[in-house]
Amino acid sequence: MVVKLELRNVTKSYGKTKVINDLSISIEAGEFFVVLGPSGTGKSTLLKLIVGIEQPDSGKILIDGKDVTRLPPNKRNLAMVFQNYALYPNMTVYQNIAFPLKMHRIRNIPEKVRSIADKLNIGEILSKKVTQISGGQQQRVALARAIVRNPTLFLLDEPLSNLDARVRYSARGELKKLQQDLHQTFVFVTHDQKEAEALGDRVGVLHQGTFEQISSYNDLYNDPKTPWIGDFVGDYPMNFVGSKGFRPEWVELGQGEYKLEIDSSENVGGIYFIHGKTDDGESLILKADRRYKIGEQIRFSISKFKQFEASV
Amino acid sequence: MVSEYKNPRAKVAIYVGVVFFTFLVLLPLYVLFIIAFGSPSQTVAAYYPALFPTKFTLANFYNAFAGYGKILEAAFFKSLETAFIVAAIAILLGFHAAFGLSKLSFKLGSIIIALLFFSTMIPSITIAIPISATFLKLGLYDSSLGLAFAQELIVLPLTVFLIMGSLESVPKQLENQARVDGASFMQALYTVIFPLAVPGVVSAFLLSWLMSWDEFTFAVILSPVHPTLPVLIYLDSTARGNILTAASFSLLVTIPVIVLTIILSKFIKGNYLTAGITG
Amino acid sequence: MTKWRDSWTAYILILPAALYVLILAFIPAIEAVYYSFTNIKGGYTLFNYSFVLSVFGTRPIVNTFIVTVTALILQFVFAFALASLLAKPFKGRGAFSAIILIPFGVATIVTAVIFHNIFSTYGGYANSFLNIFGVKPLDWTGSFDTSLFALILADSWKNTPIVTLILLAGMTTISPDLYSQAMVDGANVIQRFFRITLPNMAGFIAIALMIRGISEFNIFAMALLLFPYQLLTTMTYSLYDTVNAHPAYAGATILLGFVLIFATLIMFYRTRYGVGHSNGK
């Protein structure tokens, strides 16, 4: 395995707030690495550090084994897609895609732009202004601009979050396919767990400026290392009874040692989730196959659980 | 204060105000117009000049050009040349300084902004007198270039503030994107930021041009032998006592500038002028 | 800023403009102050000042003060009225705001020429107008009060637009909710103006006062044509002489001193009353 990007003990503060705190990671060549975290956990700062817009207070950043910590963005040979795509509004689609080629003095610009545009199905709109095209097209233009000059590493900052739901779903699939075709390394930042699940070879969960867990999404869900991960990952947070953590579907309803008083039931596509409290006052969410009345009491047993060292 | 006037009495008051101020603004221009085009017998030669003259003529213009055509031409080109030098230097220095200032920490930026603002407080006469001695030595006295250098002082701080205001509207993200796409600091400035700041730059250019075209104090002290248009008009109406010539020239100077002002009115906003000074 | 290379580039970009202002504005101003205390042979003396005072007395100082204060009052009254008009949308507002901006573009000297023709004693349009009502012609330039009137009217015609723009920018930053609340609380138009508009605009008023006040101290071209009494500027200009500029340096220094005192007072007003309200950005 070849290490493409490595961060060693990187720390970055704004004023007194440590946004990135002693963070270390190594990302392998060809990997689709997802950085997942709630908003305000330093995801964007992390990307800015990697790309060189910001510089760390301490620590090292290595790309292809070379220390780039003090290099400006234009010397790092990376590509980045920002959340709002940051298309140059004064330029046409063609000029946007050609821009990085021009800056790197690469030859055969028209051929290269044309072939990338065809690959991403935007060949028809090359002469349009970027302000005149749809959100989905803008996202493709931003991608085209990123991949056109074969950078060593791709950074993507929530590139799908500005798309409406349907386009987002298909764009997600295309993005994964694109990465596999290119055999390139992607670092993808998102707060959306579905994206992390669908895209990431590995997912790093960012919490308080450092990775709390790095693993496949499945492991994040089934084998969280900390109660915080259990709470954060999943459509519904992990339930906790004492130091036992369990997912809503890891129970059998009807009989068992625990008792739940129902507060409400919700229907999600034919599956029911029931919210309620135990005798000890713990709020739980359990998966069920029917609706229950408010105030109704049911018994349940935990069929599978994760033992944490201390309770939350 | 966004909702429209709904009360009919308030509406009447608004339009009374509008008519009153429109009248105040246009009245002096009307006076200039009738002196320039009116027959002298109904204007400057009359004890009570006619408020609504009936006889019009182009003779004032003919006489002005016949008598002072060469001088007018020289003054016109001097003003034109000076104004273009002033505006060009203002954009060249002002745009770069504004961008540089947007990169500095707030504290350091404020110090330099204060320095620029403070320079606008120094009276032109206070600067002009020592400068005239220096310019005499350097051979810049009475030259367009020398005059432009002095007038630049009035224009440059304002240009910096104006362009800083327009740079604020350029998303930071685009600059970052340009850097990631391989542009150096300066390439990002010229290829991405400058094109987006063009409206602000153009209005700063026109405003600088306008202020130089209008400038009198430096012009009268630093370039008295080969005067600019404002100084020529001054000399005509006082030293030479030639009011009709002064009025004709005034009208010629004013018409293009009024057109320019109306074009500029979209760009000249109070908060641009105050950007960098407040907050 | 650890991106030291970029931040050095930023300094280098600022340097020409900063140096320009330092060399062409600050150094000459310091020169003027220094030379005002020397004689033509280079010795230190207060003679220049006693000479200026003995020739002109304190009238130029008093006159400059009177012109500044009256012109500022007139411009602010007009500008407040205009800004209040323009603060709300009405049919024709765009055209009206373009019209009231016109004087901003008319050259100062042209304005002076026009008002010189309006207020000349013989063949002036003001007298022609008064004649309709049977009023005898006035010798406008003959008395201090009437020539002051002509001067500040001309100056206000030219400069009210810029004050209006700044005040309008300030007015648009005030939340309409404040006015609604005040109306509910029973404040009338005048109370609303003094309790809401004025205090919330302190920062903008200070800027307009600063920009215009300093210009009023420096009023020159208009005064040459319209005001036969001495101001600090016209006094300094009349002292100006390329052979012996030392008395003129004293005039220039007195002018500079008064501008700086004025600016300090405005700064004081702004920090005292403007904090928390001034957000021009």
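Chains: A, B and C, in written order; residue numbering restarts at 1 for each.
The definition used in the following text is that contacts are C-beta pairs under 8 Å (C-beta built on N, C-alpha and C of every residue); 3 or more make two chains touch, one makes a residue touch a chain.
Just so it is clear, the structure is predicted and the values come from calculations on it, not from any experiment.
Trainee: Please remove subunit A from consideration and report which sets of chains remain connected through touching.
Mentor: So the chains, subunit A excluded, remain one piece.
Trainee: Name the most central chain, where centre means the mean of Cα atoms.
Mentor: Minimum centroid-to-centroid distance belongs to B.
Trainee: By number of C-beta pairs in contact, which two chains lead?
Mentor: B-C
Trainee: Determine the centre-to-centre distance between subunit B and subunit C, using the mean Cα coordinates as centres, and give it in whole Å.
Mentor: 16
Trainee: Hey, how far is the Cα centre of subunit A from the one of subunit B, in Å?
Mentor: The answer is 54 Å.
Trainee: If you average the CA atoms of subunit A and of subunit C, how many Å lie between those two points?
Mentor: That gives a centre separation of 58 Å.
Trainee: Residues of subunit C touching 2+ other chains?
Mentor: 5-6
Trainee: Can you list every residue of subunit B that touches 2 or more other chains, as numbers and ranges?
Mentor: In subunit B, 185 touch at least two other chains.
Trainee: Which residues does subunit A have that touch at least 2 chains other than itself?
Mentor: Expected reply: 72.
Trainee: For the complex, which residues does subunit A have touching subunit B?
Mentor: Answer in residue numbers: 48, 51-53, 72-74, 78-80, 82, 84, 86, 88-90, 99-100, 103-104, 145, 149.
Trainee: Going by the contact rule at the top, pick out the subunit B residues touching subunit C in the complex.
Mentor: Residues 1-5, 11, 14-15, 17-18, 21-22, 24-26, 28-29, 31-32, 35, 43-51, 93-94, 96-97, 99-101, 103-105, 112, 115-116, 119-127, 129-134, 136, 149-150, 152-153, 156-157, 160, 168, 185-186, 210, 213-214, 216-217, 220-221, 229-231, 233-234, 237-238, 243, 246-247, 250, 253-254, 257-258, 260-262, 264-265, 268-271, 273-275, 277-279 of subunit B touch subunit C in their complex.
Trainee: Enumerate the contact residues on subunit C facing subunit B in the complex.
Mentor: Per the touch definition, subunit C meets subunit B at residues 1, 5-7, 9-14, 16-18, 20-22, 24-26, 28-29, 31-32, 35, 78, 81-82, 85, 87-90, 92, 96-118, 122-125, 127-129, 131-132, 157, 162, 164-172, 174, 176, 179, 203-204, 207, 211, 214, 217-218, 220-221, 224-225, 233, 236-237, 240, 242, 245, 248-249, 251-253, 255-256, 259-260, 263, 278-281.
Trainee: What residues of subunit B sit close enough to touch subunit A in their complex?
Mentor: 171, 173-174, 176-185, 187, 191-192, 195-196
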